[in-house]
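So, here come the structures, one by one.
Both complexes shown next keep chain A, but they swap its partner, so chain B is in the first and chain C is in the second.
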Partner chain A sequence: MTDVAKRVIDAGLNLLDRQIIDKDGMMSGNVDDLELTVPEEGGPPVITAILAGPGALARRLGARSGAWLESLHVRLHPSEQPGPARIAFGVVKRVADHVEITVSRSDLDVSRFEKWVRKHVIGKIPGARA
Partner chain B sequence: MSVRDLAGTQIRFSDLLRMLVLDVESQEVGRVHDARFVKDGPVQGAFGPGYRLQGLVVGTGSFGARLGFDRASVKGPWPLKAMFRRLHANAKFVDWSQIDSIDGERIRLNVPAASLRPVEPLPS
Partner chain C sequence: MRKVLEVSLETLAAIGGFVDIGDIVANSETGARFRMSLAWGGVLGVIGIVLYAEMSGRVATLSHRPVFDLVRERLGARVALVNLVASFFINFLTLTAEIAGVAVTLQLASGINYLAWIPLVALMVWFTMWRVKFSVMEKVYGLLGLALIVTVVAVFRLHEFHTIVREATNLHRPSTEDWPTYFYFAIALFGAAMTPYEVFFFSSGAVEEGWTRKDLMVNRANVYIGFPLGGALSLAIMAGAALLLAPRGISVDHLSQAAIPVTFVLGKLGLGILIFGMGIAFFGAALETGLSGGYIVSQFFGWQWEKFVKPVDAPRFHLVILVSVILAAAFGLTTVDPVKVTEYSIVLSAAALPLTYFPILIIANDPEYMGDKTNSKFSNALGFFYLVLLTAIAIATIPLMIITKAGA
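Right after this comes the complex of A and B.
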């Protein structure tokens, strides 16, 4: 994809399900959904954030499996009303075959959820390493 | 909700996908397959100008659309491309200015379906 092509994208084709790569080259999840914001002064919406993780994917899966994934996400997430992990589009560096971001994966909400599950769920299973 | 009343609100891209699109005479145009964005919106930090929604790709079939085989700019085996392009020959581009309202599962247009233009291939 050339620079000119990146000026115009079909979001479903060029952005959705792309791998997110952090500033250290580590995989940091997928683009599961997008947050669009309609400007206060009106006009067309603008992409303001990438939504990632089970909280974002659930809505795309359809009725039964989506509801199951969302309830699992809510049950396991440390927050009382967890939304999807949000990555502000302002930290996106490049959109190509993958999406490069300028921050570390450890600073992302999607990583915090993983860490919580590792500590409180996986870590409690007998035989799990600390 | 009229698009004018959407000012300041947020929409999930996945909520737009597969919405039913009706023209000004309530005739069915199809369902939303994708959304086209242009990088000329308000500045988004390090990314620079953000992606502004230009319009929606709307069609009647959906099989193959998610893989992009309905758009001429996407590379792939020619028999699949030919088949899907035929299936999606009637896909239309709905400019944001042609949308009157977005309610639940439906998008209503302020123009007749006949005035919609076909989907142009992405720049290569």
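Right after this comes the complex of A and C.
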């Protein structure tokens, strides 16, 4: 965290659209959007979470392709009104070429589709674990 | 010594790996119709791909990030999505053409109709991507693809080298063809050399193999030596068609006609070697395009890709590959003409390139990523020239396609 706090970073350029890498060095989605919160005590908004996955990307795309992706996300998601997948900004370890986080991707909400594909498609093909 | 051996092996593999069905079709067709008068189109394409492949390899090595990752970062999600859809579509056409192309070479070798071979070829292509190690895969088809040198041997045996050089250096349009058709085929040759998958595959490969600054020498050797020599193989195919097909008024509508010059000069043995070389070259390109489809989709969404992790650890990447290969095989089985699919894929290639090459050029100048390895003034001038040229081509392609009825 201190590493992040010391440097001035441009959220649009150094954070947005960057690759997220989990604690095991696995690729875990892109920074599709950022959640900004205005502190109650006032002052400039701070980044409280990384938003990732189709739910977040859909809003960035806008227009028809965004609406299509949004409806796909809502339809396939188990909960009634799913928002975009959140990754609390507190788990961010380092912002460099990639955005490194301190948790495993298997604990992230954004990995839902990946888990499904692993369990139902790719994991069933012989040799997938070798 | 080991390093020298490794570099020469890789460079040799780069020569054999350079040629694909687009190069064979475009060069035979234009040789048969325009003799050597369009050789400049191929040369222009080879210089362009050398320039941008070197840049993308260098960028991937120093930033540890492949091309489509950077496309998304620099162009933003929306424009990058447009690029993704266009590139994926063209890449899919190329994948279909390569799979069908391998099947046609098997038909030429066995006499059994190519449609019967498509499912088997698709299965082999998929299985290789599923199981075989990246570095092994790349070297094997690259080295075996060197069998295509038989095309150069055939041209030398004809002892007409001065005719080829004279025609290639004398820019003129044959009186039997009009200007739109002439430029349409120039775009085809240009696009055949610069197909989008090449930089996707090359830069993703650099990340897969974990290239470091030490490997920049290998990168340069592959690109500066391997690619132009691969381009020379393409020109030999054009020359063979110009010398033997053009005078007899034979046009190339089928891959077997592309094999006539070598067969004429070197007989059955030559034909056998050529068919083997073509089959391997198309198979290698099918692997490159199949993987590229998985690479660009995964890189756009930030999914785990890389071939060196187990498939269960990159399930979405492997899903994209699996679905692409199945759909390509299905499209091939509709009896769509493989040569026509190839023609459309190469002509549309050039049109899709500006949105990929622009971010590469920008990042290659960013010292934050590149340190002391940013572009030279010369690379920048040339890079900018190609960007302007590609944009002009992107605008001209569709109207030319309509005016010339796709070069008919």
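Just so it is clear, the second predicted complex is superposed on the first by the 107 of 130 C-alpha atoms of A that agree within 3 Å, B and C clash if a C-alpha of one lies under 4 Å from a C-alpha of the other, contacts with A are read in each partner's own complex, and residues count from 1 in each chain.
One rule holds in what follows: contacts are C-beta pairs under 8 Å (C-beta built on N, C-alpha and C of every residue); 3 or more make two chains touch, one makes a residue touch a chain.
Fair warning: this is a prediction, and the values are worked out from it, not measured in the lab.
Asks: Is A:Arg18 touching anything from chain B or chain C once the two structures are fitted on A? First, second, both or neither.
Replies: The answer is second: A:Arg18 touches chain C but not chain B.
Asks: Could you say whether A:Leu51 touches chain B, chain C, both of them, or neither, answering first, second, both or neither?
Replies: Only chain B; A:Leu51 stays clear of chain C.
Asks: Tell me which touches more residues of chain A here: chain C or chain B.
Replies: In the superposed model, B touches more residues of chain A.
Asks: Does chain B (first) or chain C (second) touch A:Arg60, or do both, or does neither?
Replies: both
Asks: Between chain B and chain C, whom does A:Asp109 touch in the aligned arrangement: first, second, both, or neither?
Replies: The answer is neither, since A:Asp109 touches no partner chain.
Asks: In the superposed arrangement, does A:Ile122 touch chain B (first), chain C (second), both or neither?
Replies: second
Asks: Is A:Asp97 in contact with chain B, with chain C, with both, or with neither (first, second, both, neither)?
Replies: Touch status of A:Asp97: second partner only.
Asks: Residue overlap on chain A between the chain B contact set and the chain C contact set?
Replies: 60
Asks: Provide the residue numbers of chain A that touch chain B in the complex, in ascending order.
Replies: Its residues touching chain B are 2, 4-14, 16, 33-48, 51, 56, 59-60, 88-93, 102.
Asks: Name, in rising order, each residue of chain B that touches chain A in their complex.
Replies: Residues in contact with chain A: 3-4, 6-17, 33-42, 44-47, 50-54, 57, 66, 68, 71, 74, 96, 122-124.
Asks: Within their complex, state which residues of chain C touch chain A.
Replies: 63-65, 69, 72-73, 76-78, 80-81, 130-131, 298, 300-306, 309-313, 315-316, 318-319, 322, 369
Asks: Considering the complex alone, what residue numbers of chain A touch chain C?
Replies: Contacts found on chain A: 17-20, 26-32, 52, 57, 60-62, 65, 97, 113-114, 117-118, 121-123, 125, 127-130.
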